[in-house]
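The structure appears right after this line, and notes come after that.
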Amino acid sequence: MTRRVLQLGMIGGGSGAFIGAVHRLAIQLDGEARVVAGALSSTPERALESGRELGLAADRTYPDWRAMLTSERQRPDPIDAVVIVTPNHAHFEPALAALNAGFHVIIDKPMVVEPAHASALQEAATRAGRILAVTYNYTGYPLVRTARELIRTGELGPIRKVIAEYHQGWLATNLASEGQKQAAWRGDPVLAGAGALGDIGTHAENLIRYVSGLHIESLAADVHTLVHGRRVDDDALVRLRFAGGAVGHISVSQVCVGEENGLALRIYGENAGLTWRQEHPNELHLNTLSGDRRIITRGSTASQAQGLGATRLPPGHPEGFIEAFANVYRGVFAAMRGERGAEYPDVNAGAAGVRFVAAALSSRGAWVPLR
Amino acid sequence: MTRRVLQLGMIGGGSGAFIGAVHRLAIQLDGEARVVAGALSSTPERALESGRELGLAADRTYPDWRAMLTSERQRPDPIDAVVIVTPNHAHFEPALAALNAGFHVIIDKPMVVEPAHASALQEAATRAGRILAVTYNYTGYPLVRTARELIRTGELGPIRKVIAEYHQGWLATNLASEGQKQAAWRGDPVLAGAGALGDIGTHAENLIRYVSGLHIESLAADVHTLVHGRRVDDDALVRLRFAGGAVGHISVSQVCVGEENGLALRIYGENAGLTWRQEHPNELHLNTLSGDRRIITRGSTASQAQGLGATRLPPGHPEGFIEAFANVYRGVFAAMRGERGAEYPDVNAGAAGVRFVAAALSSRGAWVPLR
Amino acid sequence: MTRRVLQLGMIGGGSGAFIGAVHRLAIQLDGEARVVAGALSSTPERALESGRELGLAADRTYPDWRAMLTSERQRPDPIDAVVIVTPNHAHFEPALAALNAGFHVIIDKPMVVEPAHASALQEAATRAGRILAVTYNYTGYPLVRTARELIRTGELGPIRKVIAEYHQGWLATNLASEGQKQAAWRGDPVLAGAGALGDIGTHAENLIRYVSGLHIESLAADVHTLVHGRRVDDDALVRLRFAGGAVGHISVSQVCVGEENGLALRIYGENAGLTWRQEHPNELHLNTLSGDRRIITRGSTASQAQGLGATRLPPGHPEGFIEAFANVYRGVFAAMRGERGAEYPDVNAGAAGVRFVAAALSSRGAWVPLR
Amino acid sequence: MTRRVLQLGMIGGGSGAFIGAVHRLAIQLDGEARVVAGALSSTPERALESGRELGLAADRTYPDWRAMLTSERQRPDPIDAVVIVTPNHAHFEPALAALNAGFHVIIDKPMVVEPAHASALQEAATRAGRILAVTYNYTGYPLVRTARELIRTGELGPIRKVIAEYHQGWLATNLASEGQKQAAWRGDPVLAGAGALGDIGTHAENLIRYVSGLHIESLAADVHTLVHGRRVDDDALVRLRFAGGAVGHISVSQVCVGEENGLALRIYGENAGLTWRQEHPNELHLNTLSGDRRIITRGSTASQAQGLGATRLPPGHPEGFIEAFANVYRGVFAAMRGERGAEYPDVNAGAAGVRFVAAALSSRGAWVPLR
């Protein structure tokens, strides 16, 4: 049985945007969905021009997202979902409107900036009975899923210590003041809401949650701006206390010269410890109390069913960032099709991320409870 | 300007086939082309069923490739090219027929089994003025292209020694006799033409040619069947003499227990040496005579223009096998569109591979000239 | 000119002791010194038996360290220095006595447990005009010295962020309660003074100080006991504020199952960042703002003079823990011989370590100034 | 019981010599033996001066090895063994004389240059009842011994394929013609006997023999001189056929720019494969047919008894080249003391190496049987 190709409308992500292009690659990799409509920029002229460049039909290339929602609702073949890839501060309004208009919503992280907005979207999604997915793309890596399975099935025993790092170096100079586009809005407190914490810290928090299954009871954060002249945070150390007694920390930085996309997760239980590094995503290290040191490779038998389900290629044939991103989309599409057991990062995961960032920004070194 | 989405017809690659699915992922990743027609199996019923599963239009799902060529020729919107992903022995006939019917042709490696067939395709492609591309997918890795650039621009100096390895372990037992599908046809001398040499040795030869730019003047091969009961070669050591005096060797094996897809290339010149490993494709090691040891990462400035052109993501965001495969397709599509300077592995590269394998199989340890 | 072989008397380090044996290997590697006397255990019978096993002369095998100091003082050929490798709480008394008796003193870290004792030794060493060295052995690795040189010469620019980790897993179960010897005294608050912080945290602090040249102005520590039943700390996260504005943290743990001796240092400046890992000590990673990613190998030209001076073998011939330990001893011996420019971890470095541990243990999460 | 410290007389290895200094480090590491006499250079003045520098007693510093043998024989406290670290061509004469004078003999590899000399030493050692040891130092690495145990106990199953590489880059230019001392004698066909094959190829052959336990029935070698003006081989590919049907090859080169001391061994059996790399000697990779991928670390329980016996430090505390070299000496010393079960690379291993090199040099690509 062939499945209908899902139809998506993109908000933001016009020409020159990095993350919009990545979403499109991830969307079309498996041929399950297609971007058929778009309001690709907040500037109407650029929105229309970007639509032409992407080959969207003229009548589905919209000058702004409101026009898209209105028009698509009235079509006989409307889009199934909107994909929101605008700067962070511009996530909330279209997301709420789209839910209310009956569309599913897919948003790049962080879901929104304000915790109150997160709550509003939680309510709106429930009320509308629509899916709101946040593309925590790192959860799509097959071996991240293997890691979760190992913990779920008790291989590590009770967890004692969790360390997540997300170190980059591309903001080691004040790029925002030099006008670099990606850096510009990320460096604006209004447009981005936060700096490193919102941009990448939220990934680290979500990855811990996803893999460990632990709940962060409270956090204490030291948040820094290490580059002179920057108006948002670019470095932070967040301490974590988990329900059940485990401890941990997240180190986030965008000023670590030479680090490219250094997301890494280490989890230590009473019986075993594991390490996964995003820059070498096709191997997972598992060491046991009895002294076994194993490398689990993506696609191998040892990577288990859950991981295998997210894998397209045999071991030794590297999969990467796009494939992982597409795996998150697979879950979203499955949920949109109403498939039982479909898993994806939902509005609650998104809201948890928003609250994590807000709590960290407000902590000033003191312990803050997370509900 | 939007470009027309190219239309492809696939021969072979029905449900359960590994490499056909990979080709489709690579084709659709960038949205430049689409498989719209297919004769997906040599068994008509399976061909039709596979077409349905893939969501092909009923009138473009063909029971065999001859029907596809005939019918597509007569359509107002015919396919632009055929993609041949059948077992090796079944490459030649449809490739020749498709060229003669005016279609471009894309074939998985090895292009054909018989050197005479390779020559016939060289002539046919020239006569027809059509493109014949062989998907030597490893040449699509961005850092493989960086490596070529480094050599082209003289960074290594005159080349002295070249080592390519392609070690796998998945045929360490006689899977063919156990009925494993991928192994079955590869283990049949008639269907596959050769064993490890034709399946992966040809990749190693092509990678050397592509990166080093050197011409193999002669080779001497020791070809082994190390697994009892196997009917094709599963291990070989091929010595190489290059025009200009460099020496080298290719070690190929499919019985190296624990090796997954261990393709690696090392090239040593008078001034520098480089190493690239397919299982860690996002880094290239370059060491100079003056003692510098550099890691060049994919997407970085140091990876140079040629490499950057084949890159979708910033450094630290791993790209893998599918992206590299799609890069080869990009070149093919550019050539099909008549773009100047388009590069892709052409019929001559394919023919060189066929002659390399044939020469190696005939060598029995003695030096054989390659023209 | 041949140099006189220096003569040492060891306190502690009898048969079965780990660190005493390591000291002896380091001492005799270069043939510059020899252990000729010893009071090798706090139990007289074991002290004498251990002396016999090590082949010490009977008249220089002492039942206790007081006897050794008294007797050696009166010999025509007395020892030049004592080497103290007892449990931490038993460092202070013999060190003070030895200084007062006119001997040089070499102590395994931590120098002592109590800050007041550290001050007393600082005064005593000054008063006696004798050397007191603390074997912060990790500073002996050649590439640690290269890292220091890179920072000294400004290669990294002003430092922004420092991360040191020291993760082990051997105390993931409560070995002390099971009677394992090394674990037993380390798990006793009286004998050890502290747990992980004193045992390995002090190494991390010293390594930061040594390589970065930065002064820790204040620290804030979360100190944990993660293994049930343990009486000392086994895990800690220490945040650091440096004079000049850099920030950093030290993560210390002995319950990270699977970690063997995971000491690692990462330092990020405005112009470059470096990473060194003790388990792969023969390579240092240096990445620059301009995008260069270099591996500096031990013994190579790129590892610079300072590093080369601490190297015995050409690059590619691995040196390890013992060689590094011997390098620290080389500096101590040079200082004992009165050589100009001799460098070694002195009583002030030792005192800084003691104060660091005491401050961390007293912090309870709050910022504590370090003088 | 204290053991008598063994007394050694060194031939060659004066000031400036690389390998002599390494031997002395290895000899004195464990305190089991001491160099007390020497004829440290073929030039009497340099021999005497080097003896002074090393602190040898004046009456045991000899102008030439004949004087040393004569004089030591007559002393009441003669040396136990001679250590020969001269250039290759000068191994045979002193070795034979020392055996005939009743001394044990320790020689750096290759034992001698001429197969006839190897046979002569085999006979002489037997006749004299003395030990002749060849310092194939790489067999001293603990994990090399673990690898041998794994094969001995059948973990790999019957061996199918063996690959050894020994790649260096330090002779990528014609250093010999530039007067570099180490390169000078190695580049002289008379003094060295052979180039890369004799210098490092013999290590690769010995390592295969030691670890795999396989017997090389025949070899075929392509031997190259890739650097213009060099008078000895600097690169070779040696194909191997083993008794029992396994195949293999050794790739040796000293012109691989950027390779430091790249000795690596890979062995594939029917049930598992293993990889060990000298530059990362503290880990051994073992992959099984069932898909387990294990890292065995030095000193760990998994490294087994045989390996553990050669280990001084816990896992995570790197051991290196000197420790491995000292392990070979440990075996030699044990044999000299008459301990049962003492293992060391003996005159037969040395002779096998000499015959291997000679056969490879004579092969010119054809198969040559090895007895």
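The chains carry the letters A, B, C and D, assigned in the order they are written, with residues numbered from 1 in each.
The rule we apply is simple: contacts are C-beta pairs under 8 Å (C-beta built on N, C-alpha and C of every residue); 3 or more make two chains touch, one makes a residue touch a chain.
All of these numbers come straight from a predicted model, not from anything done at the bench.
Annotation of subunit A and subunit B: jointly contacted by C, D, touch as defined at the top.
Of the two interfaces, A-C and B-C, the higher number of touching C-beta pairs belongs to A-C.
One finds 43 Å separating the Cα centroids of subunit A and subunit C. Subunit B and subunit C have CA centres that are 55 Å apart.
Subunit A has residues 259, 293, 297, 300 in contact with two or more other chains.
Chain contact summary for the complex, subunit B toward subunit D: residues 160-161, 163, 169, 172-173, 220, 222, 224, 226, 235, 237, 239, 247, 249, 251, 253, 255-259, 266, 268-273, 285-289, 293, 365, 367. Contact residues of subunit A toward subunit D in the complex are 290-297, 300-302.
Within the complex formed with subunit A, the residues of subunit B that make contact are 2-3, 5, 18, 21-22, 24-25, 28-31, 52-55, 168, 170, 259-262, 278-282, 297, 300, 312-323.
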